[in-house]
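So, here come the structures, one by one.
Here chain A shows up in two complexes: once beside chain B, once beside chain C.
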Partner chain A sequence: MNFTASKQPENCLLGPESDSQRTLYPYVTGTSVVALKYKDGILMAADMGGSYGSTLRYKSVERMKPIGKHSLLGASGEISDFQEILKYLDELILYDNMWDDGNSLGPKEVHNYLTRVMYNRRNKFNPLWNSLVLGGVKKGEKYLGTVSMIGVNFEDNHVATGFGNHLARPILRQEWHENLSFEDGVKLLEKCMRVLLYRDRSAINKLQIAKITEEGMTISPPYSLKTYWEFSAFENPTQGAVGSW
Partner chain B sequence: MSSIGTGYDLSVTTFSPDGRVFQIEYAAKAVDNSGTVIGIKCKDGIVMGVEKLIASKMMLPGSNRRIHSVHRHSGMAVAGLAADGRQIVARAKSEATNYQSVYGEPIPVKELAERVASYVHLCTLYWWLRPFGCGIILGGYDRDGPQLYMVEPSGISYRYFGAAIGKGKQAAKTIYKVHDEAKDKAFELEMSWVCDESKQQHQKVPDDLLEEAKVAARTALEEMDAD
Partner chain C sequence: MASSGFQADVKALQKHLAARHLIYQHQHNKQMSCPAMAQLLSNTLYYKRFFPYYSFNVLGGLDNEGKGCVFTYDAVGSYEKVGYSSQGSGSTLIMPFLDNQLKSPSPLLLPAQDAVTPLAEAEAIDLVKTVFASASERDIYTGDKLEIVVINADGIRREYMDLRKD
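What follows is the complex of A and B.
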């Protein structure tokens, strides 16, 4: 018999009340993030949209943030969970800075930390509903990895989340090569983002490209891609279509 | 100045007939016997310096940090028992991150000083705890500008323009020469600052500036001795 104000502990799997403590579905979400390694570091692109279901509700959401001196984190999925992750990382980096011992957390370490967090949350059936891309350069070594909401993590020369996996990765597999120049890297990313803009319904035409090198991180101001909608096949789409109306 | 507190100095929960708590005074003696720690509040920042007396030539320079960052915008320099100091620094860090977590902004220096002082004072209230044997100089830069606080083992905390604790505290306040060449020859100087130039972040004073300061200090000393 429970006489006290009922608040079941987080790790209780059973009982209807504990469901209100778990993430069941995402509300405000970001779509794909695409990233690749290039000559001097990592290039990452993400649009600035936050969708509320099928509504493109928020159009100035920054989904890429610098972490410490050496890393860049991009996220798709639930925006509030991304903000929570940023809070955890902020504290992690703060403690790292306070040691003041000449060392600092690099992208590999941050990626490992995120993997642990995501995996452990998944094990408690209370995931952070994000797919994360973590890229950076430390002491000349480039690093690019990804973690999903269930804790799947790996590193590669180019990664993407969500729709990007299906639409952008094939392009990158064909056209990525070692030691891309900055201009070529940006052109390649823009090609991927353009395809995503045409085909992903939750993409918006307002994106940022972030670059991280040994020197530091810069993120471009938001801009839009040129699109072409005059393809003749779309002029009169229903002409010749068989159907009752 | 040493007074024997026979019978009234066995526990921190005992007052003497003249209203003193001897255990706290003894704790303050631990601070007085350690290397000098100085803090100065300037127009645009705070500087803190510690005279680290080197116990053994085997020690690596740069080890045994006496000045610690408590958050990005503030730092603490500790005099007295180093292990006690570590506890206080850990507690201060925890208070600072907790404040940031709840209120979304870096902890105001005044608030941090109050929390540290309460914690130090806490350990003077129970017979099964002993007072901390360290004095702390806390410097930080928040919305109200640079601020300097000092916390004593009794739990008292005041705000200062300039503060000194440890062996040379009287010398620092009057003569400006703190280091006793005869008795404590070997020492390492540790200095830190928070100021506009460091972008309101607490950090070690850059090496080149530190060297410049040391050179300037030595020349000033020679001039003083020459008189």
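What follows is the complex of A and C.
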């Protein structure tokens, strides 16, 4: 409780007092999430790193969580904001269950809710610093969507956050097709995650792949990808280079 | 309603108007005419005059007599009934071409001449496709795919066309 007299109202955007009340920059962050639709549902992958700037502070962060019966949420960005979003969703699902009316929130509804939350926080200049991926299956209909910290949202057959947009989506645009088998979907996701591992400095080689189908959600135990560093271009990086400046 | 700009604001604005349209239908037992929606959009935009919807809109539809109308907007609600318009990143490329092709009468003429464009539907659609294909050449933000919505007495129809994917 603040007993000292404040010169400005708490919700004022100007002044150092009120800056302690809103997000200015992220602290502990997660990197890309990649997801795609396959034959039976959604496959989603994310590594388990929690970076503190350039330091790899946490190495067992679960960045994908089930939401209700039908949805799976993956997040990149500020981990503490992700945890707060999980709290909001907990309450949402609780109220949904308490109706006890046989109906339950599907992925489309959860995605819409998240979009509203992110957009409204952005409008109050106090964003939740996350890029979210929401996937799920309800009554046979597969749904995969994404929301950013400023409220930009869309749904697609494959989505990614952060670096995944630049490195993974082009691969998915080429190689994704309808009715991928589970094995093919996992192989495709692993291909994307491997590229991210090579090229995203905040990626770590410890990841999980989550699957959500009509039956439910499963998340793999953490594992690592095989990498190859013996490319001749790496061994002799200056071979063939012109001049020295 | 076609909108260019910040997607989250565009979606929020379109959702807001869709909700208001639904309420209108409940209260008046009829669809909103285009001029009515035009005023509503203007008021909605000006309501956020000091924290605007970053959305540049063109509204098209039918008035109470069934005639087509087009309204063009800025981000804070200034609007005008016109025969044709373009907004967004490619508008500087598109608008002069439209002026050239549609030879709209000068707004300075007295008596005022109607701004209705004299094209048949097929010609109009062809013009739209040409215009977007041209804009895609030089505007980096325009491209991938085009959606055309045709509204007339028979109803509403959508057409799609691929554009340059670079």
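Quick note on the criterion: the second predicted complex is superposed on the first by the 226 of 245 C-alpha atoms of A that agree within 3 Å, B and C clash if a C-alpha of one lies under 4 Å from a C-alpha of the other, contacts with A are read in each partner's own complex, and residues count from 1 in each chain.
Here, a residue touches a chain if its C-beta (ideal position, glycine included) is under 8 Å from a C-beta of that chain, and two chains touch if they have at least 3 such contacts.
Fair warning: this is a prediction, and the values are worked out from it, not measured in the lab.
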(message) Under the stated touch criterion, which partner chain does A:Ile150 make contact with: chain B (first), chain C (second), both, or neither?
(response) second
(message) Quick check on the superposed pair: does A:Leu94 touch chain B, chain C, both, or neither? Answer first, second, both or neither.
(response) first
(request) Report for A:Leu24: first if it touches chain B alone, second if chain C alone, otherwise both or neither. (result) neither
(message) Which residues of chain C touch chain A once you look at their complex with the stated criterion?
(response) 6-8, 11-12, 51
(message) For a test of understanding, state which residues of chain A touch chain C in their complex under the given definition.
(response) 115, 119, 122-123, 150-154
(message) For the complex, give me every residue of chain A touching chain B.
(response) 87, 91, 94-95, 97-98, 100
(message) Help me check something: in the complex, which residues belonging to chain B touch chain A?
(response) 65, 68-72, 93, 97, 101, 203-204
